[in-house]
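Once you've had a glance at the structure underneath, I'll fire off some questions.
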Amino acid sequence: MQEVVRKLPTSTMTLQMGPSHPASHGTSKFTVELDGETILAIDIEFGYLHRGFEKMCENVTWTQVVPYTDRLNYVSPLINNVGFYMAVEKIAEVKVPERALYIRTIISEMSRICDHLTCVAATAMELGGLSIFFYMIKARDRIWDLIEDITGARLTVSYVRIGGVMNDLPLDFAEKWKPVRSLVLAMLHDVDVMLTKNRIFIDRMRNTGIINGETAMAYGLTGPMLRGSGVKFDIRKASPYLVYDRVEFDVPVGAKGDNFDRYVVRMQEIKYAVSIIDQCLAQIPDGPFITDDPRLALPDKGSVYGSIEGTVDHFMHIMFGIQVPKGEAYSYVEGGNGELGFYVVSDGKGKPYRVRVRPPCFANLSALPTMITGALLADLVPTFDSINMIGGEIDR
Amino acid sequence: MTLAEVIIRLVMVALAIGLLMSIAPLLTWGERKWSALAQDRVGPNRAAIELAGKSITLNGLLYPLADGLKMIFKEDFMPTRGEKFLHFVSPWLAVFPALAVVAVIPLGARVNLFGHEIPMQVADLDAGILYLFAFASLSVYGSTLAGWASNNKYGLLGSLRTSSMLISYEVAMGLTLVGLMMTVGSLRLSDIVEYQQGTMLGFLPRWGIFMQPFGALLFFVSAFAETKRAPFDLPEAESELVAGYFIEYSGMKFGMFYLGEFVEVVTGACLFAVLFFGGWQLPWASSEAYYNPLVVGIGGFISTAYLVFFVITLLGLPLRDPRIQFAIAAGGFLGGAGLALLSGAEGLLGPKGGVLGLILSNGPELAKLLMSLMVFTMKILILCWFHILLRWTYPRFRYDQVMKLGWKMLLPAALVNLVVTGIVLLIIR
Amino acid sequence: MAESKKEIKTYISDASDDMTWHERLYVPALAKGFGVFAKHFFRNLLGDKEEGDTGTIQYPEQKIAYSERWRGAHRLTKRPDGSTKCVACMMCSTACPAQCIHIIAKEVDDPNVEKAPEVFVIDELRCIFCGMCVEACPKDAIRMDTGIHVPAMYSREEAVWDLDKLISNKGVRGNV
Amino acid sequence: MSVKALEKVAKKFASEVIDKHSNAGDDTLIVKRAKIKEILKFCRDDKELKFEFCMDVCGMDYLGYPNQDRFEVVYHLYSVTHNHRLRIRARVPENDPVIDTSVDIWPGTNWFEREVWDMYGVKFKGHPDLRRILMYEEFQGHPLRKDYPVNKRQPLIGPQN
């Protein structure tokens, strides 16, 4: 008998996921080429949330940029605030009071907790573990309550000012932090029991979305993604800003660079962030929370209402804005997803000449095709989640 | 077949379908409420009916009603280039087999009432388990065809996943039950239940789960997979395939898939109760114990108290309130006492005439019937609760992992179970 | 780099290499996870609903108390005689990043008052609630302590709040 | 350490350097565009520099600044090994806004360069996939150029005017 080999005529399938798809987080579109369920190629399209952040910043005063930065990474707006003003302070060579540095550290770490909680919660939810999402979001909400206490808003905080912050910490902040702290830690324990040893979860996360340290660096990955790949780089350690050199914490590092490592790194970082806040609250000195330089900060309300100098300072400040000297600076903070860089150029005219933001998840997402090609369609979900793309930040 | 027999059969059909159709919508409520409790939420509690100026919410119990109404009046969307006939027919294919399974399940003890032998099941087939498998495999068609007929890539992927997953798990499910069949020596479900009376090894109830613990676990996993609920919900995988095979369904057609899923949960619980939890049997007791007023009293107390407790949690009443605790105890006491009285009254009072006499003379049988029905319902409810809570605990598998679990873990394990059972039986007999 | 390679390596992950045997069995870890989940269930079922774990606010019947600094809709504070404290200095509209405040000044006969607003409108749809107007005010005339959200409206015009509306808003902590 | 990096690159490519400074603690090197690829490659490969990261690539528009080319492409480099940073600014003239791509040095610059093209219209020679990234394909012009009006409307989005 003659052997007849017949090949079925097969073709690949192009599947469009998004921009309105549960896994696309609302603002990105994947065009996936599938062979069965194996991803052969992926094209990522975003920009649906683009609102011209950089263009807008060039047309407002230095102070008025803050509300725009709130809307970059909307899960951790306070880190954006801090990052932007650190760049401005770098050009203007402003000395920030001690207390303000501590406050900035505390709020940065609170934001980091929120960011990581959201990321892990979303991962768990999109893998089907909806309950973990609720536990984590509940804890995040408690932190947002605290942020509301400090800043006056939950999300659009606009809290940081040049040379300090807008308000002092509330008097009872340390009291209110205690129950939140224990809630976060209890929740972490629960989630740990439900996920970390759970084979279903391990199977989904281990060995999916692998990226090794070298490739990760070449792609410019930072933050938990880079640390998951085993590169011990954390700006808080590498070039300590604020008061990170005065608190003790460790930088968790993964081994394989897969989704599970990133999950573990994030969970660890939440614990360290909690401990950093504790240490800051123990160390925080009394004192002013904003610089008293009248060219940079508004005078306090008492002197505005009471004295003619105060009133004049106030008028000058509002009418002419902050005068940032000519120059350029690139400042970098450790955002929730990695290095959040602000490259600010001033021409000395009262408005930023250029505000460039380096969104961490922009670089992180650009590595997705290398991480996901050849894997199964279902792997796209945890991988994309562990990248933690935030629409407001990547699209600006 | 006499007229009486026909009537009995019809009543049984009504009872079986009624049981399913009352528990299944309740479960849609229970799913939301129980998952809410475990997730530190309150759950839906806003659907209300305005009655005499007061809005009655019944702790969200009206949601199944509102859902039903909504689904009936919602637009029935049909994709333009879909396969019209199959698109129409597949929801029925999904619901019907799930409903048909209940026909062979003994809901209560076989009793002899008013001179008629009444089996509490629609059809007591010799090949009951085979019938189950036959209908379970039919249910694959519903979801497979639904995805294919929708002309949607997500639907197609979903239906492919369904067909391969369900068929794989049926193999494992069939094999796990062979061990039980060997132990009992019959495929008839009523025989299996009868077999599970009394004790084994002196201290354990002679239930399937103790005779075949490993088989029970395997069967539970594969039956769970058959319901297509998380962690086995890859066919609908919300975050990847959006809704999978029923992505293009809306209105009552979607409602039927939804209902079908919950009916499957109930039938799954029924099956599990019948095969591994002694069906309507009381633990440790033989089926003759149903004629013992004391046993009936205690059993009645527990099961009535549980049912009252269930209703109270349904209504969202605070269990801390001493009055509520009293109500539960009182309900249980009344139920237990009533049943015990019904069972033992004739023995105490002696034979009586008239209608009372007729009832009293059938008292033990009646008590047995009620009691067994209640015990069975209680078992189903607990199993359903367990099933639903499990669904919300775990993340879902990936497609290849679920197949690996089915073929590389469950199937060999089932074979091992089979061999071990055979050896043990050989030694014992 | 990696992308230039046309050949695609298909891999299916196998996590079993670094799991302990009891992790590999699924059941122990799953049972533990279910235990945590059931713990939450019974704590909420048997616990006190009022101070239970849910922390749900039954809005609109219940409302949470906003923090003292919470920035809500604006109001203009008043002098003892009922007129606004605003002197139409335009500080707030200058500071506003959203350009949602529009003021037209007028002269007033009272020698103690320099100026007063003839028109003072805030477009609450444009407002981003950053609080910069409050910071900018040298007279403590504008505040955001009303504790109200800007409600939903049927037309854009309704969102433009004028002087009367802003004066009539009350502060949460007393109307100064 | 950090000054050394700046000096080393400046010395190696002395003919390419237009200017250099370390204002506000940021080492900055302003270079001509012609040999940008060699410069960046040197930065990555040299043992003492070892810039594994190209943290950021962004455009700049110096419209109206006399005596200099209109555009600039700014690279922010970082080295984990030596924990130092370097900013390299490459001047790109308006009449021929083209510069060599750095995608084959750091694959991560792929999207950053797409963004520079999208926002400033600077082309990258040798870029594998130079499409718009934040704006849509049909968008006219390059929005971050200083001569692109802030309030300009495009036909596909927003109200027409």
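Letters are used for the chains, namely A, B, C and D, taken in the order the chains are written, and counting of residues starts over at 1 for each.
Following the convention adopted for this analysis, a residue touches a chain if its C-beta (ideal position, glycine included) is under 8 Å from a C-beta of that chain, and two chains touch if they have at least 3 such contacts.
All figures in this text were calculated on a predicted structure; none of them were measured in a lab.
Trainee: Which chain wins if you rank chains by how close their C-alpha centre is to the centre of all protein C-alpha atoms?
Mentor: A
Trainee: By mean C-alpha coordinates, which chain is most distant from subunit C?
Mentor: Here the answer is chain B, farthest from subunit C.
Trainee: Between subunit B and subunit D, what is the separation of their C-alpha centroids in Å?
Mentor: For subunit B versus subunit D, the centre distance works out to 66 Å.
Trainee: Using mean CA coordinates as chain centres, what's the gap between subunit C and subunit D in Å?
Mentor: Here subunit C and subunit D have centroids separated by 38 Å.
Trainee: Go ahead and note the Å separation of the Cα centroids belonging to subunit A and subunit B.
Mentor: 47
Trainee: Residues of subunit A touching 2+ other chains?
Mentor: In subunit A, the residues touching two or more other chains are 131, 138, 194-195, 198, 200, 203, 215, 218, 370, 376, 379.
Trainee: Please set out, as single numbers or ranges, the residues of subunit B touching at least two other chains.
Mentor: 38-41, 392-394, 400
Trainee: Which parts of subunit C, given as residue numbers and ranges, touch two or more other chains?
Mentor: Only 1-3, 12, 30, 33, 37, 40, 55 qualify.
Trainee: Please give the residue numbers of subunit C that touch subunit A in the complex, ascending.
Mentor: Going by the criterion above, the answer is residues 1-3, 8-15, 18-19, 23-26, 28-30, 32-33, 35-37, 40, 55, 66-71, 89, 91, 94-95, 97-98, 128-132, 135-136, 138-140, 144.
Trainee: Give every residue of subunit A touching subunit B within the complex, in rising order.
Mentor: Residue list for subunit A touching subunit B: 13, 15, 21-23, 37, 124-131, 134-135, 138, 194-195, 198, 200-201, 203-204, 376-381.
Trainee: Per the contact definition, I'd like the list of subunit B residues that touch subunit A in the complex.
Mentor: Per the stated touch rule, the residues are 35, 38-41, 153-154, 157, 230-231, 233-234, 237-240, 242, 392-401.
Trainee: Under the touch definition given earlier, write down the residues of subunit C that touch subunit B in their complex.
Mentor: Within the complex, subunit C touches subunit B at residues 12, 27, 30, 33-34, 37-38, 40-41, 44-49, 53-56, 58.
Trainee: Mind listing the subunit B positions that touch subunit C in their complex?
Mentor: Checking each residue of subunit B against subunit C gives 34, 37-42, 217, 313, 318-320, 389-390, 392-394, 400.
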